Every structure is written in C-alpha cells, then in structure tokens.
Amino acid sequence: MGLKTKQEYIESLRQMKPTAYMFGEKITNIVDNPRLRAGIEATAATYELASMPEYRDLMVTRSPLINEPVNRFTLPPSSIEDLVARVKVNRKLGNWVGTCHQRCTGLDCLCSLSIVTYDIDRKYGTEYSARFTEFLKHVQKNDLTANAGVTDVKGDRSLGPGEQKDKDMYVHVVERREDGIVVRGAKAHQTGSLSSHEIIVLPTRALRKGDEDYALAFAVPQDTPGLIHAIGRSSLDTRELDGCDMGNIRYSKYCPTLIFNDVFVPWDRVFMCGEVEFASEMVLRFSAFHRQSHGGCKSGKIDCMIGAALTLMDYNGTAKAGHLKQKVIDMIHRAETLYGCCLAASYEGKKENSGTYFIDTVLANASKIHEGKELSEAIRLMVDVSGGFVSDLPSDRDLENPEIGHLLKKYLKGVDEVPVENRIKMYRLVEKMAMESADTISDIHGGGSPEAHRVTIFRETDTESKKKAAKRLAGIEG
Amino acid sequence: MGLKTKQEYIESLRQMKPTAYMFGEKITNIVDNPRLRAGIEATAATYELASMPEYRDLMVTRSPLINEPVNRFTLPPSSIEDLVARVKVNRKLGNWVGTCHQRCTGLDCLCSLSIVTYDIDRKYGTEYSARFTEFLKHVQKNDLTANAGVTDVKGDRSLGPGEQKDKDMYVHVVERREDGIVVRGAKAHQTGSLSSHEIIVLPTRALRKGDEDYALAFAVPQDTPGLIHAIGRSSLDTRELDGCDMGNIRYSKYCPTLIFNDVFVPWDRVFMCGEVEFASEMVLRFSAFHRQSHGGCKSGKIDCMIGAALTLMDYNGTAKAGHLKQKVIDMIHRAETLYGCCLAASYEGKKENSGTYFIDTVLANASKIHEGKELSEAIRLMVDVSGGFVSDLPSDRDLENPEIGHLLKKYLKGVDEVPVENRIKMYRLVEKMAMESADTISDIHGGGSPEAHRVTIFRETDTESKKKAAKRLAGIEG
Amino acid sequence: MGLKTKQEYIESLRQMKPTAYMFGEKITNIVDNPRLRAGIEATAATYELASMPEYRDLMVTRSPLINEPVNRFTLPPSSIEDLVARVKVNRKLGNWVGTCHQRCTGLDCLCSLSIVTYDIDRKYGTEYSARFTEFLKHVQKNDLTANAGVTDVKGDRSLGPGEQKDKDMYVHVVERREDGIVVRGAKAHQTGSLSSHEIIVLPTRALRKGDEDYALAFAVPQDTPGLIHAIGRSSLDTRELDGCDMGNIRYSKYCPTLIFNDVFVPWDRVFMCGEVEFASEMVLRFSAFHRQSHGGCKSGKIDCMIGAALTLMDYNGTAKAGHLKQKVIDMIHRAETLYGCCLAASYEGKKENSGTYFIDTVLANASKIHEGKELSEAIRLMVDVSGGFVSDLPSDRDLENPEIGHLLKKYLKGVDEVPVENRIKMYRLVEKMAMESADTISDIHGGGSPEAHRVTIFRETDTESKKKAAKRLAGIEG
Amino acid sequence: MGLKTKQEYIESLRQMKPTAYMFGEKITNIVDNPRLRAGIEATAATYELASMPEYRDLMVTRSPLINEPVNRFTLPPSSIEDLVARVKVNRKLGNWVGTCHQRCTGLDCLCSLSIVTYDIDRKYGTEYSARFTEFLKHVQKNDLTANAGVTDVKGDRSLGPGEQKDKDMYVHVVERREDGIVVRGAKAHQTGSLSSHEIIVLPTRALRKGDEDYALAFAVPQDTPGLIHAIGRSSLDTRELDGCDMGNIRYSKYCPTLIFNDVFVPWDRVFMCGEVEFASEMVLRFSAFHRQSHGGCKSGKIDCMIGAALTLMDYNGTAKAGHLKQKVIDMIHRAETLYGCCLAASYEGKKENSGTYFIDTVLANASKIHEGKELSEAIRLMVDVSGGFVSDLPSDRDLENPEIGHLLKKYLKGVDEVPVENRIKMYRLVEKMAMESADTISDIHGGGSPEAHRVTIFRETDTESKKKAAKRLAGIEG
C-alpha cells in the first residue's frame, strides 16, 4: 500500500482480467498491447511524476482521511490550495504527455461524490457518505486510478431515459438484491477505462420522478464480471500497433465504449440509488470539476503545441518571420486564457457542507467554452506555422528503405545545422497533436457538449443584479 | 484628513484652480461644468462606495504605512489579498458607473513607483523611495485621487525621443535647478485629469543612453502653474452640456490632453530623473497593473451592458428569443474571461523587493488582449440584442413637444406593462455605452496599444521550456 | 424632366413642405439645416456622379420603360448587367461619401414592387402592376429619390400586428374610401426621408388571414398631409449643427421616425391592399435587394476606412509596422468579402415573371451576415491602426484659440513632412466613421436583424441535396 | 482518343509503370492498391460525371483548339463562362467525392502556362507557346489528367534557391543537352501524382538574376525514368488498406513527395527555361487559379459536411435543437462565402494577351483566406453538431464480432426509425471528413501558405485610391 511507482502501477493493471475487444478481436494482454500501452503510459506519468523529486511537491500531499501521503489524483479538495493544485497538476501533466493523461475523470468523480453523498444523507438519512468514504480510503491507500462512467449512450436524444423504446439506453438497475444491485446499460467515451483500476458510474443528466432506476452512482473494478470494454477507433490508432510513425513516441489515448451487461454491484459500492432529485447536482458538480480539469491539461497541451511550432520555425529557417510569431502569440494567448479562467475558478472556490471545496462554476465553464472553440484554432495555428508536411510526410519505413531512404533524407532536410531526423520527428509530433481524434474531439465534447457549457454559464449568472445596475444608470426606478 | 466623503471630494476639487480649455473656451468652474461634472461624479463614486456600509469592506482597508483606514485606490498592494481586491473593486465600480471611474490610473502609478523607486535606490543609492513614501503618505492621509501622465504625444512614431525634430514630443527636463526641475512636453488621453488632485508622470517607453532628460517620474498638483488641460471632444460630449438625452444619467468620462508648458517640479516630488535603464521597468510595471485594472472595470461595464440587453429583451417582448439569449451568453462569457484572467493574475502575484506585490504579467496581458478585441464584440452583441433604436431615437425634447410628444410616446411603446419612458431611457443608456468614444476607444488603446499587449505576452513567456517539452515527446535529444 | 443635376435635386427638395421635428423643435427650412443638409448632400452625390463624365457610364443607363437615360437608382433591373451595376454603383458611392448615401432603399422598393405587383395581379386580376408602372415612369422621368418605409415600430415583439393592444403598431388601413385609403401607424429608421421626394411603404413582415389591413404597399410624397418626420438623435449630431469638428466635411446621415397620422393615399398610389399571402414575398424581395445594397456601399465605406488608416500610418510614422499592415489586410479582406458575395448574388440572378431580374438570396444574405459581424471588426481595426486620438482630440475651436492653439498644433504634430492640420483632419474623419451611430448601427440592423439574415440563408438552402450527398458517400441507401 | 470513360481512364493508368514507394515498400500495381485506388476513384469521378447525362453540360465543352468536345479539366478558359464553369464544376465535384478530386491542379497549370508562355515568347521570341499548345492538344485529345509539380521542398526557408547548401532543394537544370534537359530536385505534396498521366512542373517562387537554372517549366509522364513517387502518410491511411472503417466508402486522397532524380525532359516538353523574371508571373497566375479552385471544391465539401451534420441530427433525435441549427447555418454561411468570392473572381475576370481569361486575384485570394481559417471552423461545427462518436466509434469488425456485435448494435442505436448501421456509417463519414489529414491540411496550406494569400491581396489592392478618397472626405488637399 501507499504511493505506487510507475512500475507498480503497470504491474497492478497486469493483475486485472478485464473483458476487452478491439478491431473485432478479444484482447487478453492489455498492458502489452502497444496501442493500449501508450494510453497506460500516459496515466503512468501521473505516478512517475509523483516519484520525481522536482515534481513530488506538486503531485503529492497528505490526505487528512488516511493521514498518509497520497497522489493528488485521489484527493477531494479540502482547501483553496487543493483546488489550485488541480489546475497546476493538470497543466504540468498535459505538457508532460502532450495528450490526455486520463486520470482526471476519476478524481472529478471522487470530488463530486464527496459533496453529493453527504447532501443526500442529510436529506434522507442514508449512509452513502460512509460507504463512499470507505471506498475513498481504499483508493487512496492503494493509489488507484479511477475512471468516470458518466456519458450514457442515450439512444434517441429527444426522449428521456424512461421514454426510450429500449430502456437500456441509460444505465439503470435491473434487479435489487439483498447483497447489491444488478445494472445494465452502456457508457460511451470511457477514456482510459483499461488504465484504471476502478470504474465510477454517475448519472449523465438531471432526472425526475419515475426515473428512479436511472438515479445511480456506484463503483466497480474494471474487470468485474459482465463489464465489457469495446475499444473504439481513433484516427491514428494503427500507428502504435505498427510501432511506426507514432509522432508522440511515449504517450497516446484510447476511448472504449463500456457495456454493463448485467453487472452486479455490492451495496457497499453503491453511492446513490433512486434519489432522482440529486442526479442533477451530481452531474453539475462532476461537470464543473471536469470542465476545469480540461482547462489545466489542455493549456499544458497547447504549451507542447507552441513548443513544436517554435521548434519547426527553428528547423525550417522561419524563426524570424513576423507573421508566424504573431500566430504563436495567438497560441500562447489561448493557453493562458484557459489557464487563467480555471485558476480563478479554483481561487474563488467555496467550502461545501461536506467540507469538500467546490470551484466557481461560471469561471470553470468560461474556460471550457474557450476550449471548445479555441483548441481547434490553436491546432490550426500550429499547422499553419509548421508547414504542409504535417499531412503527408513519408513513413519512417520509407526513410529506412535502401532505395529511396537517402533521397528522402536529402530532400526533407531543413536548416543545415539540424539533423533531418529531428525535423521529421517534430513534424510527426505535430501530426499527432493535430490529427489524433481521441484527444482532439475531447476538446469539443469532453465534459459535455459546448451547448451544455453555455447553458450552465447563463443559469449560474446573477442576471437580475445586472439588470438592476443598468436600470439605475438609465434612471429607471424599481 | 482621513477618508473623504463624496461631498468632501468634490469640494476639495472646487478649491483647485487649474488652467483648462474646452471647445475653444477657458473653463473656470470645473466642478459645475456639466460635462466635466459627469466625469467627476464617476470618480466620486469611489468615495461614495467607501462610505456605504455594504461596500466599505471592499473599498477600505488599513494602510500599514499610515496605520489608518484608507481607500484602496491609495494603497500599493502588500499581499495577494490586496492584489485580488484590485480586481473586485474595479469590477464593482465598472458596474456601478457603467463607464470609466478614472481613479485606477493613479493607483497603478503608485504601485509601480513603490516597486521601481526602491529598485533604483538599491542600484544608485538615490532617495527616490523615501520621497515617494512621503508623497504616498500625503495621498493616503488626504484620500487624494491621482492621474497617470504616461502617454506622450510622440510626434513621429518611427523616431525615438531624442531623434524627434521637436525635442518636446516626449516630456523632458528643460532645466535643472537647485530646488527642482522644469519640464516641458505633453501627455495625451489624460482621463479624468481634472477629477484628480495630483498628476503623476511616468515615462511612456523604454529609453537608452542619451535619453536621460526623458527618464522622468514626478508628481504635481493638477493646478500647478504651466500645466494646461485641453479637454478633447468625445462623441456624445454635448449631451451633458445640453442636459438632455444623456443615457447614463449619472456618469461620464472626459480625456484632456495635458500640456506641461515649462512646469516646475520641486525635488521632493521627483521620483526618477535620468536613470534611463529603469524607464523600461517603470513602463512595464505600470502597464501590467493598468491592463489588469481594465480587466476588472470592463467586466463590470459588460455587466451593465448585459443588464441593459436583458432589460430591453423584457421591454421589447423578445425575452424568449433563443438566438438573443445566445448572444447574451456570448456577452457573459466575455465578461468572465476578462475577470478570470485578471483575478488569476492577482492570485499568482509575487512579492517584489520593496515589499509591494506584483501581478502575473502574462495573465494580465491575456485579459487585456481579450478586452482589445472582445469589448467591441460585446458592444456589437448588445446593439444586436437591443434593436435598431440604439441609433436614432428621438430626443427627450421631442417627447416633451406638445405637438408630437404624445405620438412618439404612442409609437415607441414596447410591451404593455412597461412605461414607454423606461424603454426610451434604456435605449438611451445602450446608445451611451455603445457609442461614447471616450470610454470605448480605451477598450482598444487603454494601457498601450493591442500590439504592446501581444509583445509583452510573448516576451514574458518561457518558450524554451515549451520547445523542450515538445522535443522530449518527439524523441529528439538535447 | 429628365436627369436632374445636383443643384436641381436640392432645389426640388426646397419646394417641398414636409412636417418635421428635431430636438423638440419644428424645422421648416430642411435643406438649409446643416445637419439635414449633410444627409441631403450624400444623396445629392448620386445626382452629381451621374453628371460627371468619368462616372456617367456607371450611373446612367437607358430605361426601356420611358426610353430615356435614367439614373440607375430609378431602374428595376432587367438584365444581369443591371444587377451587377447595383453593386458597383453602391461601392463607388459608399466610397465617395464615406457614409450612407440613402438612395438605395427606394430603388430596392421599386425592384420589389416591379416583381410582386405583377405576381399579385396574375393571381387576383388586380391592376397593381399598371399603377406601379405609372408611378415608376413618374419617378424615372423626374429623377426622383424614394425612401423605403418598411420597418414598423412593432410594439410588443412577441405579438403579431393584430394581437397588439394598440392596433396602430403596424401601419394599416383605417378607412377605405372611394378615392383612396387612409393609413395610420409609424415606420422607424427612415434614413433620408427628407432627402427623398417619395415615401414608399411596404409591409415589414409576413402576414396571415385576418391581417388584411396590414397588407399594404403604397407611395406618398414626403410632404403629404398627416405625415410627420421626427428626426432622431445620432451620436455626432451636434457637430454639423455647430459647424465644427465634423470629420467628414461633406456628408452625413440622419434617420427620422415617420408617423402616418391618418394619411390619405389615392388608389393610383396603392400597390397592395389586403393580399396577405403576398406580404411575405414583398418583404423577402425587398430584404434580399436591400441586404445586397449594403454589401456594395459598406465595402465602399471600408475602402474609405482603409484609406484613412493607411494615411494615418503615413502621418504617424508607423507606415512600416508589420502588425499594422496585417490589420489593414484584415480590413481589405472584409471589404472584398462583402463585395464578392454581393457581386456573385447579382451574376447568379434570375429573371422573374414580370421581367425584372432578381438576385441570388443566399449569396446576398451571406454578404449581409458578414456585414453584421465584420463591419464592427473593421472599425475596431481602423481605430487600432489609427491610434488613441480617435477619441479625445481637442476641438478645432481649441486649435483656433490664441492662448493654446499654437501649443496644441505643436504637440499634435506627427511626421515632419505632414502639416499638423492634415493629421487632425484625418483623425476627425476616423472618429466620424467609427463613432457615428446613424451609419454604424445600420451595419447591424439595416435590412433586418442579423437573425433574419441567418433564417433566410437556411430556408433558401437546399439541405436535402446535401444530406443525399453525404448518405451516398457513407454508403447509406435511400 | 476523345473523352475517356471512367473505366478507360483507370485502364490508361494501368498501362503506366511509375516508380512508387509506400510504407517502405515498392508498389507495382498502383490501380489495385486500395489506398491509391480510393484516390484514383476521386479523379475518376471527373470522367464519370462527364459521361452522365445530367452533368455532361457542366463538365464537357468544345475546345476551340481541337474543335472537339473536351472535359473542362483540360481547357484553359477562353471566356467568362469558362471561368465561371471552373467554380461550378469544382463545387459539384467536391460535393460528389467529399474530398479532393485531385484534377484541378493540372488544369491550373494549363491555364497559367497558356498565359505566360505567350508572354515570354513576346519578349524573347522563344517558342514556348507553340510547344505548350502541342502539349495541350495532346492532353485534350487524350483526355489526360495532369498534376501540378509546384511546391519545392525548399530546405532552409530563410535562403533562396541558389543560397542553399544543397543546391537541389529547388528543382533545377543539371544538364542542358541537344535533345533536352536533365532536372533534379523534389516537389512535395503532389496530390494525386499517380492518378495523373502527366506531371507539369512550374517554379514555386519568384526568382532573380543568377537563379536561371531554377526558372523552369516542363511536363513529363508520371512514369518517366528517374521520377520517384514517395507516398506519404495520412492520418487514416490504413483504413483503405484494411478495407474497413473507411467512412467515405468511395473516395480518398493521397499526397506523394515527388523526387526528380536526374529526369530527362525533351525540349518539346520544356515551357520555360531560364527566364527568371517570368517565374514570378508563373507562380502568381497558377496560385490565383489554384486558390480559386479550392473555393469551389471546398464549398462542395462543406456541403457534404452540412449534409452529414443534418443527417446525424435526424439520426440522433436532435433535429429540433435550435443551437445546432445555428451551427449548421454557420456552416452554410462559410460554404457560400467561399463560393461567392470565387464566383465573383470568375465573373470579374479579364482577357489576357494570349486570349486566355484570367480571374480577379483579389477576390480569389479573399476566398482562400476564408478557407484557410474557416474550414477548420466548419469541421469543428460539424463535430459539435454530430456528437462525440466522431472520435471513438467501435470498428465495423467489432460490430461483426459474434460475442459483442449485437451489444454494440443495441447500444449505438439512435432514433427508432433509423437502422443503427446507418448511424454508424454517417459517424464514420464525419470522422473521415474531420480527421483525414491529406485533405484537411490542404485547407490551410493548399495553394500556398495563408500568409501568401494575405500578401497577395495587399499587393493587388489599389491602396492609393483609398487614401485619396479618405483625404477628400477629411478635407485634405493633394
């Protein structure tokens, strides 16, 4: 027990026996599958940095719950300082892995549950909070990674959960037993589900009377019986499998669809069951935290993109082009905007009833609205600055080919003082950061759709006070 | 001595005898001139709120220097809390007056001088810091308003100060006497110079060897001999003069050009004189602080704009139009972006050698870059939501005319339950907030040109670490 | 009869005796009122250019109707060439006057009526087309300017015309007599109503059964009994009245609210009366034409703005600043986008049943959507490039003041080789183009609200064929 | 001879024996390689549509040169109608293939050469024009596809061709023989080089005295000795190779790097050789034509994207969501803007000395500037509207897997009335259109970098006349 090393983390995953499919085949050795391993390595970085002296203070803190040092990804915030650390840890990690590190979603579930289970118990005298606290101790003591099972597949979006023709389109209870419940349904976009030890499930939307079976929160190990990970395709997914032209030579991302094919959950892992009026709060809390997580890690990813663009300016001989420098400034501006709004959301946080601290939702959503629009712009700018070889650079295999390899190396050369191999590697990284779908689509749809962020910012804003201010200046009474 | 009431502030201005011209005429009674009074009222609001119980905690704090309660606009920050208060005070005031309150620039000078005079003294053994501290005590004890004389008129922009054909295009020393110096030159865009007790002058740009006469910082009362306030035109400037169709019935803004026509400055008011290498630091500190001030007050102004837009939706019968609500969300998003970046700049501030706290310049400039682009967009959105009467609403004088007044009131009516007068008043306020040049142009050029903000953000960013991160991921060594 | 000179045009207006109010007073001498005269001069430019040899070919063509040379502003298009000329004439004029020339709206009414009266007659056997043709001959033979009375005041926007508490919120028939009809109501934003000879009224929206009284099109002289022009305020309206600091020394714009206080219209001037199902077509045709007119003149206005920005770069010594040049390119791009889309709308026009040519509405609205968003951006760019003196330049009266005039001239000087007066004049022009409300608000609300343009573009697009194309590529049958 | 059918076209390619490498291996059977075939099919569509009755009039015209019907992709424009057809043909084809059809670049070379060879001959008495005309007859008579070899690899971008350490970084003459020349160098981003019969080479930039060896234009068959096609990687390139999850089930794009490893070109195929001062004109003409080609085909591609987004709204049950409809309108607006500016560029074209018509370059570049920025925005909007499954949809192989296929089909179901397979197919198409690098990067870098488009628009604009207009309005003489 205690903080895991990167190696211990990977070995702990090796002990698990999940049911997983990819490209039509069952995958049995998860950790040695190159595609999945690249994702696992990204999560492993959260363990690695925690053991590096220069980052330990950033990554590790003492848990008041177990009174031991813990990785910050297992700690619901109990102070403004903790809220701020969320952002800085994520920016560092986004920068370190250049993609999604996949460990934030679990933390965001822990944060949300630590607030809402307390609130439910206060109303209903239930014991969710105590159960959750035991689970949290388990997570902290074993330095576990958890995954957020939030996004139901939803079927017909114009209908609520109970109105669907197939009632399984939202995860729900199909049987209540003495020892626990049986659940059925599916959650989409489960980033890093196989890199996690635990899957935490929350409802995906507000619910109403009659939806009790859907008002569910629980946690299960990722290899629990009946749970199936169907790993979807992403745009560059064969690169790691082929071991060639990976771009980011260390890290990647994958996103299974998770099917709960009548999965049993013991009562001590059930954190909400039927309290429909709290579904909304659970989603809101989770979404706010998760949208903020994005602001941190995506600003860190833009940092990598800025670095790649500037490096290619060096390599291409365009370092002095004023118009390219302007574009880099546009990229910096976007990174700092995400970061600034998220940081402010932490600093302006407040203590909730349970003692957990919650962020300012307006500022967190302000950051996410920028992400949803500006990350694609930052990518466009990186591609513009970098040049056309982002799209059709010959394969490393061609470069190794004895007949044409030397010719390609001759003609792909940039400035004299930089080895051609470096220029090629940097273009490949840019391709990865620009064109990899698993990560870039999350800029738009991660943490809920862009419209959800906008609706939230409007609902959470005190519009009446603004009207009042305008009326006073206009000379309108009342 | 001590905190002034609003009335005491206005009376204190009445005692001063500045030389001022407007529309070709000399103005002798400043405080009763309706155009100038509307600007003075905006600054007076900083006194008024300090005496209102609900805002006193926000506006007033204890100065460690004089150990008395002071208005925050006289206090260089000595803690993160002080830095944060800067933003919140400005947002509140921007919202309260719906335009520029004009008192931030003086504070931003005080902040900058408290850092830089200390640094100069450390290098040269000069006594600027002590002089400045005495001046600061005077400002605090008398609750004075100061104005920032920063923007030189500059002549030919392609030439430095010493290269100009007319050497007076930047304020400079023309005579060094035993009791002080004589300065000549002009400062443009001196928002609220006649609403201030003191004019603080700083250099407007970095200087180099040979520019010693231009490396100047000092303070003089606004009515010191030789100082001329030439009040420029703004787009709605005759409205207050006519006492009709003012829009904002309480507050406005005016911006003189200040001419230093051989003004004497005693040595105890001289805070830099010849130390060319510190000109750059002085400008940078001031600019960073002032750009942040904008983020606070302009988000407060957008709050008014949002309030006006929503109120007109109520009055026009368009409150349920989804596309208009989307535009209001776009306005909210802009306000919160300015605010979030500025707040983060405060929270991430650091203590300087002098003990004064300084903000994060990248985040402050990130906010200002948004302001320079997005305020005009927020205005456009407000006009879009409000409707076409922003432009050509008949005058209140027409509404009072017995022949057509009743017809205009009949036809300008919106929803039944709102008096037509209220709708008219709100449109007039929107006109003021959208089309008044003195305030809206400062969205773009206040705190330096937009390009200056961009250059700053690039220079203050650690680009090498970003390149290094990209190279690590691409697999490039070294 | 025949083409009027500029002087004849102005004299013809002098013969009219409209009822007009401004700032609470009745105005009897319209053409010599400096504020109104600046607007009349802008319309007069459409006569002036027609008599200048270098523009005559652009402005004058032969009418097939009267077989005489006519000003293009009296000619419904009967060929693609005529449609194209619309755009080029407007760009030239927008460039020539630097504001709104105010003669396009009447033409857009003539175009619309020439199509729709024909269509109504075909369905109902009415004689609107013949009446209209007589009216058109009158307009052409006398080279008259007409004004478009389209925008009703609308009252509560959530209610239709017949649902309003006050039934007069949309112009309607209050009496049908043997010799004509009596109408009541008001039209807002009647740009140049007093610079016009005739007021043409069209419905402002689609109508339905029961709205027959509102389904109205007609024309009356601007001085017909019962018609009242209430000239609204614009942001710089006192400048022309004071004869000082006008910026654009030649031209301006004004926008009355027009009140139809029981106005009699003889039958031969009634072009639609009760045919509710054609109201929609009338609005659509007019709107499409008018939105296109904007694309022409506003690109011409941006041309002036570009010229002003570049001139100030010359005057300020910033002509070599790369970042400013980039902003000028952004302005050029916007001008050409408006122009390109509008031109294409003409070239892709089609002949209607009546023989009149109609433009492509999607392309015309594509241009207008850009205008609604990008004109404010073009203004922002101009202000950015020009510098801060857009906002608070001292008055010409101050420059003439013997005590400070010489000092202001000294300190407002830019590069050595340019007289200070020229720099001041150019800043004043920029202020006019940036901050004058009558013209700039029409960028947003002219030709209907921005949302109207968007709704139109969607409705007129063949979305089914696009779905079909996507399905074919995806391999979906049917 | 004469117009080829699609089948004849493919068979004609089968007869060629190019030297090609992909993923480290030599490819001998080009037309049956699934990845390349998907690209060839896209070009084949230009033949297919020419033989379909409903598109024949659009695609086929009579060549005045050979007096036979020809495909428009072999015809330099000799009228405005021809210029307009360029845009309409490209929009249709972009819509038909949903990616790049790859035949425009060759036409753009033919257009440019038909103008510039004439101009060179006029100055030097050379016979390039006659040679080119013979080549053009050959192309027209055999309905050949040509490819534009323009983009040199460039080495160090801060150096000109002759300043490079390795002189081969721009294609140049290494030997002049009696029967022809030998050339060396490489051209990057050679879209569809293996789908073409001929490779036409033009210089990539303006040249000066001393660069004579680089001032080259010529044509060679794609399988000429010494010419090597190194097919680069694109983001989804293994999908066609695997025959699974292709998205666009018919068409794709590939972009080789072309190496001229001492390629012999007989004199009758040399169209410029040493006339350095014409390099600039050649590039400008080609670039203008090619940037316009983009405006046509990319608006057609956005049409597909709109269709896909709307279809997924139908399939997901979100067809009535107002905010999604707004996003579709934003997509339509972008498509029509590209189209409108390009169309106008054609309609405003002018006849050149050679008789070939040339487009308006400002309007063509205005369109391209939009493409460079707005295509990525259109993609972002499509992804936003479509939903998160753009990124991680399980593979068709998983859907066919007996263990989980039925579960995936159950959970991926949208609205009841649409087969789940269709929804999956449409998501896959969206993934293709959003995340395929070969096509999307060309939105940014195709036809030169975004900065090149901006520089062009500035240089081609008459800025002096704009300054003059502003000065006239400001009252500045001279």
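A, B, C and D are the chain letters, set down in written order, and residue numbers restart from 1 in every chain.
In the analysis below, a residue touches a chain if its C-beta (ideal position, glycine included) is under 8 Å from a C-beta of that chain, and two chains touch if they have at least 3 such contacts.
Owing to the predicted nature of the structure, the values given are computational and were not obtained by experimental measurement.
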B-D or A-D - the one linked by more C-beta pairs in contact: A-D
Same-site or different-site touching of subunit A by its copy subunit B, using the half cut: same
Distance from the mean Cα position of subunit D to that of subunit A, given in whole angstrom: 37
Distance from subunit B to subunit A - Cα centre to Cα centre, in angstrom: 40
Centre-to-centre distance between subunit D and subunit B (centres being mean Cα positions), rounded to whole Å: 52
Residues of subunit A touching at least two other chains: 323, 326, 454
Subunit C partner contacts - residues on subunit B that touch it in the complex: 21-26, 151, 153, 155-159, 165-166, 168-169, 185-186, 188-189, 228, 230-236, 238, 242, 244-245, 254-257, 259, 261, 316-321, 323-324, 372-373, 376-377, 379-380, 383-384, 387-395, 397-398, 400-401, 403-404, 407-408, 410-416, 431, 434-438, 440-442, 444-445, 449-451, 454
Subunit C-facing residues of subunit A, complex: 322-323, 326
Footprint of subunit A on subunit B - complex, ascending: 84, 95-98, 247-251, 303-308, 310-311, 314, 325-326, 328-329, 332-333, 336-337, 339-345, 347-348, 362-363, 366-367, 369-370, 422, 425-426, 428-429, 454, 457-458, 461, 463, 465-476
